[in-house]
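Inspection log for the structure reproduced underneath, given as structure tokens.
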Amino acid sequence: MATVANYANIFVRYDLIGAGEAKGARVSSKDAALQKVLQCVIEGDVDNIETVVVEALESKDPMTIINDGLIKGMNEVSRLWDEGVYYLPQAIVASDAMLTGIEICEEKLGKAIEKKGTVVTHTAEGDIHDLGQKIVNALLRANGYEVIDLGKDVPVDDVVAAVKKHQPVMVTGTALMTTTMTAFERISKRLSKDGFTLPFVCGGGAVSLEYVTGFELGVYGKDASQASGMANDAVNGMSWGQLREKWNS
Amino acid sequence: MATVANYANIFVRYDLIGAGEAKGARVSSKDAALQKVLQCVIEGDVDNIETVVVEALESKDPMTIINDGLIKGMNEVSRLWDEGVYYLPQAIVASDAMLTGIEICEEKLGKAIEKKGTVVTHTAEGDIHDLGQKIVNALLRANGYEVIDLGKDVPVDDVVAAVKKHQPVMVTGTALMTTTMTAFERISKRLSKDGFTLPFVCGGGAVSLEYVTGFELGVYGKDASQASGMANDAVNGMSWGQLREKWNS
Amino acid sequence: MPRYDQMAYASAAEMIFGTAKNPVSYGRDFTVGGGYVYPELVPHPRPGTESTKQTLVKEYEKMVTDVLDRCVAIGIPGIQIELEHVYQMTKNPEWGGEIAAATKRLQDDYFRKYGLKSAIRATVADYRKPDEEDIRNSLALDAILKTFQASAAGGADNLSIESVGGKEVSDYTIVRQDIRGTLFGIGVLGSRDMEFMWKQVVDIANKYNVTPGGDTNCAQANVAMFMAGGYQDRSVPHTFAALTRAIAAARSLVAYEQGAKGPSKDCGYEDVIIKAITGIPIAMEGKTCACAHSDLLGNLVGACCDLWSNEAVEYHDMFGGTTVAVFTEILGYDVALMNAAIELGTAPMLQEMMVQSDKYRDTHGFILCPENAYEIGKAIISNNTSYYARSRAAAIKAGRLMLEDSKLQMPAFEKDALESAMRTLESLPDKEEDFISECADIYKKLIPGFNLANYGL
Amino acid sequence: MPRYDQMAYASAAEMIFGTAKNPVSYGRDFTVGGGYVYPELVPHPRPGTESTKQTLVKEYEKMVTDVLDRCVAIGIPGIQIELEHVYQMTKNPEWGGEIAAATKRLQDDYFRKYGLKSAIRATVADYRKPDEEDIRNSLALDAILKTFQASAAGGADNLSIESVGGKEVSDYTIVRQDIRGTLFGIGVLGSRDMEFMWKQVVDIANKYNVTPGGDTNCAQANVAMFMAGGYQDRSVPHTFAALTRAIAAARSLVAYEQGAKGPSKDCGYEDVIIKAITGIPIAMEGKTCACAHSDLLGNLVGACCDLWSNEAVEYHDMFGGTTVAVFTEILGYDVALMNAAIELGTAPMLQEMMVQSDKYRDTHGFILCPENAYEIGKAIISNNTSYYARSRAAAIKAGRLMLEDSKLQMPAFEKDALESAMRTLESLPDKEEDFISECADIYKKLIPGFNLANYGL
């Protein structure tokens, strides 16, 4: 049988456009110990992060390591991901490394560092597919948020109770199936009735903008990577309506 | 190139199943003049209907010709159409013949025969595609209704005014495009506000059950052939809600 | 008056998808009929978004972005987007113009960033009312022509329309299975109105240096076809609809006689006959326009296409993305299969598969398979003494082809309908003037508002 | 333990759509893999209709009616409908049973009236939570097994499931690009859970005299593939997802080793490898499942299919009818093209077009084209000493195929990801027990709730 000489009229490999142009990490530290911490985060080296942080603590105070090593490294990872150099896995393992490092520093500090705010996350009742939620959790934590992880298959009552208890800046819901996402509207009604006005970011699988913007508080989350940006906006005082305006139109 | 020996695994001609089993007209009249009228209606013979009705009027009174000739013929045509023997065109031309015949008889009577009720029909503003409406008009008239035909590209105000003026048992709207059908919801609101509770049957092109059952009074008309059945139900006192229940679920 | 008197192709066997005798180039590195098939995606705004210009422009921007994004997500080499005007876009010429401009801005971006080839067809809404107004001098006509200009100025590469001349007659006759009146409405009145309309569309296109695309008999032959429907429908006989289609070919041809260059409009199922005669590239729609309507020739109709369309899909969410992205993807793979066949040198075999899928499924596909379409084309060019003569010849040829192929099965009613129509067609007068005067008498009485002056008669 | 040690086909060239070495017959005159391809339509209820059994049954009745109506409207010879359970249909076994019964009643009607061939697949929702409960003895497992029985009793012809064993591990590792853990989660844990689960499914099927269908690695390999997404996505490397798919083949094979007969589940993209090994008929989904998700192998994936599916479409109105009718029509024409090719004797040419459309579009299509899939199948049967060994061999073979074909282009990051994964795969221990103990140590620490006992370890 004949072969194809030229595929360009069948498909175009748009993924090769600009590939290879990407630049590597741009940040560095003049301090050798901090440089090692930075590098461990940027490379997502969870095997060695403990060693380098413990080593750095010998000469640096914990807050310096956190700010100039761990968080600085994570910010650089976010930039690399945003620019298409890194993929999600690099962001996740960097976050793993950073969080491990922060835990060690917090032990040394004797207290937890201040978080930007609290976010309650859950996966809808009936849904056992919580990967989207886990990614959201990791990215929020990497960005300095306290995450109250309610897990998967969570009844409406539990979500409402958690919001009352933790007074978060934002609550999120993930659902793979439309027949489980109907819980989101019930949650929204319950929260509104109790006077809450925080944004309720819903996303995942079959969840659609049309659906989520059909009830109060609802903000559609197209992608897990938007979670921290939305949380930042919420912390900065944006209402759910403003969030919807900014992210959903 | 090879040919196909057997198409049965590519497609099945379900239209040939039972074809040819259909029976012809079952009604007849012992009276020769009425038989001719009957036959003209059943055959949709608009060229000769005038002659045979005038001929019949020599020996029969107009109401007999209407009831035992024209309407009886039309009922038989409806049966043949329902059973798949006739197609729509046969029903339309039969209706043409019948209406011509009735007009002649009415002239002789000196008054119009009593109609079952009045129906207002229109095609949405911005829409010039009124074929669906014309079919509805023909079938309603064939079934004994007075039709107030507002035509195509009709503003909301005109529809509301016509309902107020003619007090119909039902109003219909046809639209080919979704961007013109939005007028239907506005009409429904106006009618409801003014206290009307008549069914507003909407159909045509892009109009969907989901849309029409989203506003008050709305009953979805899937096919022009349903119009008379719906009008009959409305005359018999069914509310728009009951019509929706019967025809749309 | 008819012009074409020969076929562009020496035989039906020469006709194939992706290649036209007279390819057309425009837009961003976009060539139609130059060897490959591209998708043509037709997005339709959600009801409610037509309420203001701002909301409608925004709706189109979102839809177009979703289409272009999906192209670069899965590797579709190029795409045409049809802006098939909702009434409001034509009635307000600046709306149509701005939406064309917004679409062009986005296409330019993706061309710059990814090299995605693209083009825009603006199909203006013909909302003239032949039974209520002077369609050669009305506000509607005025708006239509202004919208063509605004669209061309805004960035449309191709100007098209689905003109409605003769619809007042065909609407009356199709539902009465009256082939004489249908021939009159489509073949004579439709053709005459197209001549009037297309002279002006071509002038505008030339003035703005864009391409006059094509017309379709959507308002007439598609009415018959859609009413004929599926196997269980009993609205219009399928054989009658097929005859109507043959007539439509003689009518839609007028656009090209007046200077249109193609690609033709997707919903012109008669276009394969027109390609045989003119060699212009054609847009077709088949299985992947099931989102817009059902038909009985989903594969066959792609046999000679140069663009492959979804006809119309309203903008909504599905699990796999928005509807416009979903249908971009399906169309994209459909044409990838065709283009792979072209590269492999097996396009004729793929064409044969398409044809055998539907040639005997229904009469409409039967008369539009390349060999039968070609024969109908020959009947048209061999009878080019008048619009009437060639329309009638097309119908008679189509009817004979249907009656003569023993593999084409028909229920008794369908066959009766065909034979009855054929008797009528064969008994009609030979001269156009006789036919016109016969029909004028009849239909002036029957059809309220029917006015011969609308057609220069 | 692995059983297959030889290929069902002597070469990839023998594999073709429509025909399987071991066809399956059931339902109403319905044979899969017996020479022709049928559509498999998967309807999805609208949100809200799940609130009561009555509303959900009614929703299914409407959807099924629309599907069957469209079949008889356009001439589709036969169809399988998949009842892919929403959570509520499995949690309440009588719901699943009643919906199967309602579907069967309708299919019986259309078979009697029109001779429309048909069948029902019931795919029960696996909602066990491996990180929260004893998945070999939980309420969820109990409900799943009861629902299989209720479905079989109600009228399902084919029992399938998308089982989730090992998902707690693969969820953690896929997003960390950890091939070792992914191999563990899918190849070892997934396979062991399938062995446990499928013994019971096959028992139930035999008891009710219905057909045990198949499983899919939806919960794992599809997660990787969907996250890899289109060309512009940066979530999971495409090369990594392709390796995951090869591993999935070794895992999904377990269903057939335990007695499943096929047709396999539509979303099991690994099924072409499984067909090469087992000769069972397979359901596949490609371009016409764009309603459910986008992919980069829309044509290629149909190369060896016996059923052709839309994956999932939510019930809504479109211009051309309801979504389920629209997708029935598109699928119907897709398979009509394939069946026309079969009748014409040109099926291998159509298959080649499908393959060339996508073989070099992306790595996923590349490893699943018949010749590469066949090679991966050979790696599986040649390493049948353990689930681990054959899963690892499948991945290594897939990786080598990708690296060795110079026509397959990859962005630098993608190639790095592949080479890094290959280094890991090649450095892993040879013995399954060593691999398991290595992974047990690592992932017990990292993954909350991960419990070896769930897998008999």
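All chains are identified by letter, namely A, B, C and D, in their written order; residue positions are counted from 1 within each chain.
Please note the rule applied: contacts are C-beta pairs under 8 Å (C-beta built on N, C-alpha and C of every residue); 3 or more make two chains touch, one makes a residue touch a chain.
None of these values were measured; they are calculated from a predicted model.
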item: Distance in touch steps, counted as few as possible, from chain A out to chain C; value: 1
item: Chain labels contacting chain B and also chain C; value: D
item: Pair with more cross-chain C-beta pairs in contact, given B-D and A-D; value: A-D
item: Inter-centroid spacing, chain D versus chain B (mean Cα positions, whole Å); value: 49
item: Interchain centroid distance [CA atoms averaged], chain C/chain D, Å; value: 40
item: Euclidean distance of C-alpha centroids - chain A vs chain B, Å; value: 60
item: Whole-Å gap between the CA centroids of chain A and chain D; value: 30
item: Sequence positions of chain D contacting 2 or more other chains; value: 44, 72-75, 231-232, 314, 316, 319, 336, 339-340, 343-344, 346, 349, 352, 356-358, 361
item: Set of chain A residues in contact with two or more other chains; value: 1, 4, 7, 10-11, 13-14, 206, 211
item: Chain contact topology (line, ring, star, complete or other); value: other
item: Chains that touch, pairwise; value: A-C, A-D, B-C, B-D, C-D
item: Of all residues in chain D, those that touch chain B in their complex; value: 35-36, 72-77, 113-116, 316-317, 319, 336, 339-340, 342-346
item: Of chain D, residues touching chain A in the complex; value: 44-51, 86-88, 91, 127-129, 132, 164, 171-172, 175-177, 219, 223, 227, 231-232, 234-237, 314, 348-349, 352, 356-358, 360-361, 409, 411-414, 417
item: For the chain C and chain D complex, residues of the former touching the latter; value: 44, 69-70, 72-75, 229-233, 286-296, 298-299, 312-314, 316, 318-321, 323, 325-327, 329-330, 332-334, 336-337, 339-341, 343-344, 346, 349-350, 352-354, 356-358, 361
item: Sites on chain B touched by chain C in the complex; value: 1, 4, 7, 10-11, 13-16, 19-20, 22, 81, 84-90, 92-93, 96, 126-131, 134-135, 151-153, 177-182, 206, 211
item: Contact set on chain B toward chain D in their complex; value: 1-14, 17, 205-206, 208-211
